[in-house]
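I am attaching a structure below and will ask some questions about it afterwards.
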Amino acid sequence: MLKVPTIVLNVKTYAEATGQKALEIARIMDKISDETGASMAIAVQATDILLCAQEVNIPVFAEHIDPIKPGSHTGWTLPEAVKEAGAVGTLINHSEHRLTLADIDACITKAKEMNLDHIVCTNNVATSKAAAAFEPNFVAVEPPELIGGDISVTTADPDIVSKSVEAVKSINKNVKILCGAGVKNGQDVTKSIELGAEGVLLASGVVKATDKESVLRDLVSGL
Amino acid sequence: MLKVPTIVLNVKTYAEATGQKALEIARIMDKISDETGASMAIAVQATDILLCAQEVNIPVFAEHIDPIKPGSHTGWTLPEAVKEAGAVGTLINHSEHRLTLADIDACITKAKEMNLDHIVCTNNVATSKAAAAFEPNFVAVEPPELIGGDISVTTADPDIVSKSVEAVKSINKNVKILCGAGVKNGQDVTKSIELGAEGVLLASGVVKATDKESVLRDLVSGL
Amino acid sequence: MLKVPTIVLNVKTYAEATGQKALEIARIMDKISDETGASMAIAVQATDILLCAQEVNIPVFAEHIDPIKPGSHTGWTLPEAVKEAGAVGTLINHSEHRLTLADIDACITKAKEMNLDHIVCTNNVATSKAAAAFEPNFVAVEPPELIGGDISVTTADPDIVSKSVEAVKSINKNVKILCGAGVKNGQDVTKSIELGAEGVLLASGVVKATDKESVLRDLVSGL
Amino acid sequence: MLKVPTIVLNVKTYAEATGQKALEIARIMDKISDETGASMAIAVQATDILLCAQEVNIPVFAEHIDPIKPGSHTGWTLPEAVKEAGAVGTLINHSEHRLTLADIDACITKAKEMNLDHIVCTNNVATSKAAAAFEPNFVAVEPPELIGGDISVTTADPDIVSKSVEAVKSINKNVKILCGAGVKNGQDVTKSIELGAEGVLLASGVVKATDKESVLRDLVSGL
C-alpha cells in the first residue's frame, strides 16, 4: 500500500497532462521520489496508464474504475484492464465522477480482491464518515467548491480536514485520510499533516504550473 | 476513413480481449487484413489503445469518447487522449454506453474536428434516421435484444437493416451503414451487404470463439 | 393537439411555481386564454399536475416522462401516471433533463400511443433536425447558454431559430417548432413567429415576474 | 416520525397502484390502521401524493426526492413540492433509483431540515452501515436479487438482516432498520422483528395480490 505521508497527483484530463505530457510529469515525480524517498503517486487517464507504468517506478493509479465484471460493457473502465495496463491503485468516486453508494461498495470490494490500492473521494465530514464504513485504504476529503481554486482547503476550511479525520478514525483507525482542493505548496502539505491527514490529493496546482518540478519539490518539502 | 465494405470488431470489456489478449486478436486481424486486403478495424478498451495501435496496421478505434474538452474531468474519456494513444476512430453511443442527443451531437462534431473516424450506434430504424441527421461517417444499427445472441440480425430481423439503410440514405447518401447483433460468420456478412449495409459491427462472435482466426477468416470471406 | 401559435410555460421547480403557486399561475393563464382565445399551456411538476388539471381548462403538461412501462421503477415518472393525473401533454428531453437518443425515441413513441401531446426540446440546429426525424408534435429549440438569461433567443441568435425551422421542415413539414431561452415579452413572441416558429416555450420570464398577469398578457399580445 | 414496528408499502409505478388504484390501496391501509392501530405508511408516485394525502390519515411518503433546491430543474422531484402535496416522508436511494453518496447525504440533510421522515434504502450490510453514518430516521436493507421474488429476505438471507441491524446500531443506536425483498405475509413480518428489524418495506407482495386487504391484514397480524 502507498506509504504515508504521501502526495497523490490526479492529472484529470488536462491537456497539460495527456499522453506524453502525462509521462513527463510522471518522470519528474519519479526522479524526485527517487532522490528524496518521498511517497508519491500519479493518477492518469486510462489511455495513459500503460505509457506511464512501463516507464516509472512511482505507483501509477487509475483515475476511476467502473463497478463491472469482464463482459459486455463497451467503453467502461474494467478494473482488470487498468491493473493489466500497470495501475497499482485507483481513485474511486472523485467529485467529477461520482458513484452510487452501492457502486462505491462494489468498487472497494473489487479493489480489495484485486489488491488494488484505493482512495475514495468524499466531499464533507458526513460522506467521509460513511465512506470509512467500507474500510477502504484511503479516504480523500475534498470540498467541491474549493477544487481548482486558489486557496488550500487547509487554509480555507481546516475544520473539514480535522473533523473528517476524527469521524473516519471513529469508524476505523486503519483508514488513512488525505485532503485536497486548492493544495499548491509545501506549507499546505505540512498543514494537512498537522490537521491529522496523511497527505494530500491535488491536481491543478501541479498540472497547471509552468515549472512543475519546482512545485513538486516544494510539495515534497512539506512532507 | 475506414474503407467499405468493412468488419469492425468491438472487443468490449471481455476477459478474452483485455490487455495482451486484445493485442493477440488485433494481430490476427492485422495478418488477415494484410493477406486479403480486407478492411477491418478493432475497437478496444481505452487502456489498450496504445498497446494495440503501436503494434498493428489495421485501424484501432476507441470504444467510446465522452463529450468533454481538456480540463477537470477525472476518469472520463477525452477524445484527444484516445487520439494521442493511437486511435484513428471511435464508436459513439454504443447500446451499452448510451449518450444524450446533445452529447451525440457534441461527440460527432468533435470527432469531425479531430479527423477521428466515427460510428454512431443506434437501436432501430427511427434512431438510425435521427443519427443520420448529424451526418456521421457511419451509423451502425444493432437491435439490443439480439446483441450477444445466437441469431444474426440479418436473419432475425433483415427489415431493420434494409429499412435503416433506406431511412439513413433518405437523410444523407454519404452516411455509411453497418449492422450488428448476433453476427457470426461470412454468410451474415454477405447478407448484410445484400441488405444494403456496408459491413458489420460485431463482438462476441469473435471474442468468445475458441478459434478466433478461423472465425475472422470466415467473416472476411463474406465481404 | 395544442393549437398554434402558442405560448407554453414551463414552471420548472421554482419556489414561485410550486403547489398552490403553480395553480395560481395556471388560473391566470386560464383566464387570459378564455378572454383572448390565445393558445397557452402550462407544464408543471408531477406533484402538481392533478392540482392544476382539475381546476383549469388550458392544457396541463408534465415537465418530463421517463421511458418506462408500468412496473418496478420506484420514483420515476410513468407516462400513464401523468396522464391519469390530468396531463394532456409532456415536455421531452428538456435541457435540464436530457435523455438518450433511444429514450427520446421511446418517449415519443409512447406519447403517440397514449395520445399525449409532446414537445421535444433541443439545443441547436443539428439536434433539432435529428429530433424531427422522430416526427414529434413539436420541437422546441433552446440554446442552453441563453436559458434563464436576459436576452431572448430571437434577438441573441435569430439564426438558430430560422435555421432550425428550415432543418426541421426539411425532414417533415408536419413537425411544429417552438423556440425558447430568454423569452420575456410580446415582441419576442412576434419575432419568433416571424422567424418561422409556431410559438415559444418559456419559464423564468413569467415565473420570476412580480406581475405575472401583465407579463402573460403582453406575451399573448405578440401572438 | 413513523411509529415502529411498521409496515411501509412502496407501490412503485405498478399499473395496479397508479392514480385511483393507489388511492384504493391507501384507503384499505387507512381502514386497517384505524381498526388495529398498526403503524403503516404508503409511498406513492409523485403524481399521486396529493390524491392520497388528502384522503387518508396514514402517512403518505414520496418514493424519491432529488437533491435539488427550488429553481431550474425541469422534471426533477423537488422535496418542497412533495411536502406541499402532502407527503410526510420519503424513500431515499431505492434500489431502482440509486443516488451518489454525496446526493444521499444532501437528501438526508434536506429531509431533516424539512422535517420529512426518511428511509434510506441499502443493498447489503456494508452499505447499511455506511448509510447509518448519516444518522437517517430509517435504513431499509433490501438485497436487490430478492426484490420482487417469491422468497422473503427473512427466509432467504436472515443474516443480512441481523448483521445489518448490528452494523447500523454499532454506528448509531437511534437509526431504525427495516428489511425488504420478497416480504409477503405476517410470518415474514414477525421474523423481521425477531431478527432485530423494526418492520418491513414491501411492494409487489401487496400490489400484485388479488385480495390486497387480506394480504395487508395478514401482514399486520405479524407486527
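In order of appearance the chains are A, B, C and D, and numbering begins at 1 in each one.
What we mean here is this: contacts are C-beta pairs under 8 Å (C-beta built on N, C-alpha and C of every residue); 3 or more make two chains touch, one makes a residue touch a chain.
This one's a predicted model, so the numbers in the text were calculated from it and none came from an experiment.
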Common touching chains of chain D and chain A: none
Most remote chain, CA-based centroid, reference being chain C: A
Gap in Å, rounded to a whole number, between the CA centres of chain C and chain B: 37
Length of the line joining the C-alpha centres of chain A and chain C, rounded to whole Å: 44
Rounded Å distance, chain C centre to chain D centre (Cα mean): 34
Chain B: positions in contact with at least two other chains: 95
Pairwise touch network: line, ring, star, complete, or other: ring
Chain C - residues contacting chain B, complex: 93, 95, 98-105, 109, 122-124, 126-127, 129-134, 167, 171
Of chain B, residues touching chain A in the complex: 10, 12-15, 18-20, 43, 45-51, 62-64, 68, 70-78, 80-82, 84-85, 91, 94-97, 147-148, 203-204
